[in-house]
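Across the two complexes that follow, subunit A remains constant while its partner is subunit B and subsequently subunit C.
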Partner chain A sequence: MTALLTERNGTAPRSTAPGSPPSARRRRPGRERAFDDVPRWQIYLPLGLYLLFTLVPFYWMLLFAVRPAGSTSLAPWPMTGAHFSKVWNERSFAVFFQNSMIVGVATLVATTLVALAGGYALARFDFRIKGAFMLALLCSQFIPGALMLVPLFEIFRNLQMINSLGSVVIAETVFQLPLSIILISGFIKNVPVSLEEAAWVDGCSRFTAFRTVVLPLLRPGLIAVGSFAFVHSWNHFLFALMFLSEQDKQTIPVGLNTLIGADSVDLGALAAGGVIAAVPVVVVFAFIQKWLITGFSAGAVKG
Partner chain B sequence: MAPTAAVATPPPEKSRRRRARPRRLPYLLIAPAGLLMLGFIAYPVLSVFSYSLQHYNVTKPWRNGFAGLDNFRRVFTEDDQFWPTLAFSAQWVFTQVTLQLLLGLALALIVNQTFIGRGISRAMVFSPWAVSGVLTSTIWILLYNSSTGFSRYLADAGIGEYGTSVLSDTGTVFWAATVTELWRGVPFFAILILADLQSVSKELYEAASVDGAGRLRQFFHITLPHLRDAIILATLLRGVWEFNNVDLLYTLTGGGPAGETTTLPLYVANTGIEGHDFGYASALTTVAFVILLFCSIVYLRLSKFGGDRT
Partner chain C sequence: MTISTTQRGRATAAVSVAAVLALTATACGDDGSGSGTEGSGKGEITFWDNNGGPRTAVWTEIIEDFEKQHPDIDVTYVPIPIADVQSKYDTAIAGGGLPDVGGVGTAYLANMVSQEALEPVNDRLEKSALRGKLVESMVESVRAAAGRGDDVYSVPTSANNGVLWYRTDLFERAGLKAPDTWANFYTAAEKLTDAKKNEFGYTIRGGAGSIAQALDAVYGQSGITEFWDGDTTTLNDPKNVAALEKYAGLFKRTTPAADVNNDFTKMVAQWDTGTIGMLSHNLGSYQDHLKALGEDKFAGIPAPIGEGGTRVQVSNPVDGLGLFRSSRNKTAAWKFIEFAASHASNSKWNESAGAIPANAEAAKDPWINETESTALAAKTLTDGSTKIVDLPYYLPDWNNISKADNEPEFQKVLLGKITAKAFLDDMAEQLNAANKEWKELGNG
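So, the complex of A and B:
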């Protein structure tokens, strides 16, 4: 990001004061004064309240997951792993976890590759159907996935892909693509075309120039787009519910829904299932949340 | 920046080989995305439109066939669930987008300050963004359940009564569901707004504070105008998303109690999936789609998106 900004300033000097690039990272005395006169309590009090609202539900789930059945203690001890071994083995969460991983990783790879190609075309070429393609990408944002279930089901039935994880991967990828292409083309536009041209002059092919010059600069953006795709497909529920009816093909959200819908809800098992569902996305999120802000602020939202 | 113009100009001799097919390359690059979207978005959309003009019910095959506008007549004149579910959808979307925007904006402004523990605070308050609708339902079902949920501990402390479940009471279910959706929805706005805040020129604030403008005036005259387009786009995308998304209500309340929390898409899903009446569900889908498109266009016009900025 910083490299990107410096580069952009290098090629197209702005009318800012000399020697002061408009980087948010730079600390300037004036900035401290403008921002830091906010009284501390006005930050910590609302933030603390909001943190409570965010974290208590997570804690509640953890508490129920490790607390023995029947206990009403508000502290997580004595601790038991009984609920976890129950959902993992008896309720097939081991299988669900594996299926969700396959779907998540396959969607991530497919979305990133297809969106990179499409995004590059939009950012670097003028071609006849470009406007129509952009319009199609934007319009597809208004199409409710939930309402497409019936026709999609018929398509996958005709392709004999019902009860195959491939159907879910395709559906997730397709609905993830428009936003990913828009985001990636924004990121590519931010890389000065002169960098690529320099590589061409040096004798690189278009592909080599892209791989060695542009791709490294796209890292934050690609991390954001890829983790979007993973998190969305990990979380998504309706496609898996509709297209995968055999139990050994189902994913974690469907498994959770089964636990919720059970005649007498076993709260301990439900909480343990919830923790299993949460761990991968929370880990991914912890790694990417810094990239997320830079990824978006690289002009992504404005296209 | 005009990268396309730079590329469109003929390359120097040396790079001829790579530029042998410059006209075909962009089409090759968008082909995978284009074909996937044609097959799995455009085609299903067209079949929804075509089913909407047919009687198509798996359980009543003898009635299947062309129906003309019969399904649409039924939507507007006979269906006593269409208007209530549409009204609930409107109420749901409006409440969610308004509250998520206000809370998300406040949250973004707070974590944009410089303070000790900022990184970890950001990570924690944004984390529900990554949580699915089903998992959110799971968590809040644990909180709301009447025997060991939050209300039990409140009752132990002398507040409220034992055995109350906010999800099965028609008076409380709306707000119970609203709070649940806010929990995972506010971080979305906060992340987008925080990202956009990074590009506000610091010089503007300096100039304003030199001129003696207080923080409130700086917010209304610098921050808010800067965020305008991002806010318009985020509220629109979120509104559409909140309208379409059924994960949370499907698993949290199932549309109940007594249909109290059934949105239009949830009603459509029930009609199509459980009732097997694909023709009628497709007509409902078409109506929902047109309403959504109409509202979006009106919203973009009224908000003057992309218009002159200060």
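So, the complex of A and C:
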């Protein structure tokens, strides 16, 4: 194939290493070849610049977090852990971290489970108001959380749930669900229904067929939706601020904001708090990036 | 491929709709401004700190002291980030769940009073040990800020004051005089600027909080001492317009270009870590400067003196403690307020915050004179040498007018997109309308 293309174009394939086996050359698709023809620096230079642009704020945060107060050095040396110690021990970030983790994981589980059920219904069932329901899900994305703050506050107060992490989990889940349901529905539509039908023929119930046949195929989608729910609830500030009052219930974003005073700000502590807040998100993305990209592209294109 | 709809699906939908309606119905409860009760004077009270975080340690100490003195009262401390305190109060006023006691600044006092969230404390003050012990000018400030005649809605605890911080090392090196007059200020701003070396004479506040600082510079230069001339504001007086033109003209000429987005955190951070001659802020950033620069490299003075020979500055917000109408234990809540505003507690709190105490006895404590900037600020507020232009904090619209509505407009002035005159004329028009509306409601 490569040889044929070369003959037609009248040019030799520049990236083909001399002596490489013909079978290897044959495996290379045309588009990949096109990229191979581009000089490496034209790919890596823009990527490097973009990476630099993206990483400078992180470097700045790390720098402030580890350099001593009053230092103006642009290198993180001499290094100190004083800011981390201060926010973790004196400013209750150990507690905030634990609360954020509870909210994040609970929102992840609740969102994924409900979105799975809702997405399955939308993908596999046909009902009269399905179109309107989908439209309502889409429209709900336009409602800002702040608009619902007072009604939600009143509801949770009447349910005796103010100052409970449960109120934040419920609110976060509710706001995460529309997009999650739409995404999951798209993933499920990609799984041929004939696979389920085969399982039914073999005697499986609908639930067993779903659990044993469909669910394993949804792994990229579930990871995408779950991680999205986790990261969003981990970072979300408004509901935690409004629904949680006692200090031992507050979450990392609220804790970060308490590091900014009316007239003064401890930048070292703020940066150390920012690093603590960023670590779980970075770790989550590092582990799941492969699934995440697969999941989002699959759900987005064919939804 | 689709699969059939079931009866169970319809039932589920019906239950869901009913649940939503039921939850919506519960949203028609009280508005959080109920009358509350005096209570037994024992039990639990909740206190919202309006500057939660930086002051948590000192409040924890004061609460421990209070609970030792009143073992039958438990105080639940809730730190609220300062940037969000007003929205937290507004949500609780609308949805219920207000505390018994809360920190309230004069900047948003009128807004809370207009929503009937706070209880007047005149009678309680009359019978209290605090009677005659509070700095009169601060009591007057909180009274005026509430905008309800003689009623006082918060017990003042501290005041801040504008400070012009300057780098003594840079001034000495350039052979400049301290910027104690506006003429010296402008000279220093020019001489300390060398943009090629990333050195600037001044850092201007172009982002959040820019208006109050700009007004301070405007009235300070013009020498106009009243905000109102009858029912019309003096804001767009030609002298003020000229002053703003001169002040805004510093932008990019003697300041970093990024200043257009400066809130106080960015402004203080770049002054502490860069090579900038002067910074207008307040007493609150003293500790930051001390940590970053050390004691020998900076000093702070009150606003520069104008051509008329008098120092004029705008009023700074006074912080206080409010007693909430909805409290079920007002007696205990008031005991806490009295304790927090007493000599020992008030002195402890203000020493920690670097602010000026509202308790007159605390204001005479030795620590006040240990820091030159605090001593000068306290002197400025108490010796009568400085004319204070009272900003109309009592207008419920003041916060909107001085922040959301006009901060973006001030950025346009800095960027040269509108003139200083157009900006002041427009803001003056908004203020005159807000004042008229406020008076039509029977105030003033």
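Structure notes:
Methods note: the second predicted complex is superposed on the first by the 268 of 303 C-alpha atoms of A that agree within 3 Å, B and C clash if a C-alpha of one lies under 4 Å from a C-alpha of the other, contacts with A are read in each partner's own complex, and residues count from 1 in each chain.
Just so we're on the same page, a contact is a pair of C-beta atoms (placed from the backbone, for glycine too) under 8 Å apart; a residue touches a chain by one contact, two chains touch by 3 or more.
As the structure is a computational prediction, the values presented were derived from the model and not from experiment.
Annotation for the three-chain superposition on subunit A: subunit B and subunit C clash. Using the contact criterion defined above for the overlaid structures, shared-chain residue A:258 touches subunit C, although it does not reach subunit B. Of the two partner chains, subunit C is the only one touched by A:69; subunit B is not. Which of subunit B and subunit C touches more residues of subunit A is settled by the count: it is B.
Touch criterion met: A:91 reaches subunit C, while subunit B stays clear of it. Look at A:220: by the touch rule set out above, it reaches neither subunit B nor subunit C. In the superposition on chain A, A:267 makes contact with both subunit B and subunit C. By the document's definition of touching, both partners, subunit B and subunit C, reach A:242. In the superposition on chain A, A:157 contacts subunit C only, with no contact to subunit B. Comparing the two complexes, residues 72, 121, 124-127, 149-151, 154-155, 193, 242, 257, 259-260, 265, 267 of subunit A contact subunit B in one case and subunit C in the other. On subunit A, the positions that touch subunit B within their shared complex are 12, 16, 22, 24, 28, 30-38, 40, 43-44, 46-47, 50-51, 53-55, 57-58, 60-61, 64, 72, 74, 114-115, 117-118, 120-127, 129-130, 133, 136, 140-152, 154-155, 170-171, 173-175, 177-178, 181, 189, 192-194, 197, 200-201, 203, 205-206, 231, 234-238, 242, 253, 256-257, 259-260, 265, 267, 270-271, 273-274, 277-278, 281-282, 284-286, 289-290, 292-297, 300-302. Chain contact summary for the complex, subunit A toward subunit C: residues 69-70, 72, 90-91, 121, 124-128, 149-151, 153-155, 157-159, 162, 193, 241-242, 245-247, 254, 257-267. Remark: subunit C residues 1-5, 9, 23-24, 26-27, 29, 46, 48, 51-57, 76-84, 87-88, 91-92, 94-97, 160, 264-265, 268-269, 273, 281-288, 291-294 touch subunit A in the complex. Those residues of subunit B lying in contact with subunit A across their complex are 1, 3-8, 11-12, 14-15, 17-18, 23, 25-27, 29-30, 32-34, 36-37, 39-45, 47-48, 51, 103, 106-107, 110-111, 113-115, 119, 121-135, 137-143, 145, 148, 150, 152-153, 183, 191-192, 194-196, 198-199, 201-203, 205-206, 208-209, 215, 218, 229-230, 233-234, 237, 240, 243-247, 250-251, 265, 268-269, 272-273, 278, 281-282, 285, 288-289, 292-293, 296.
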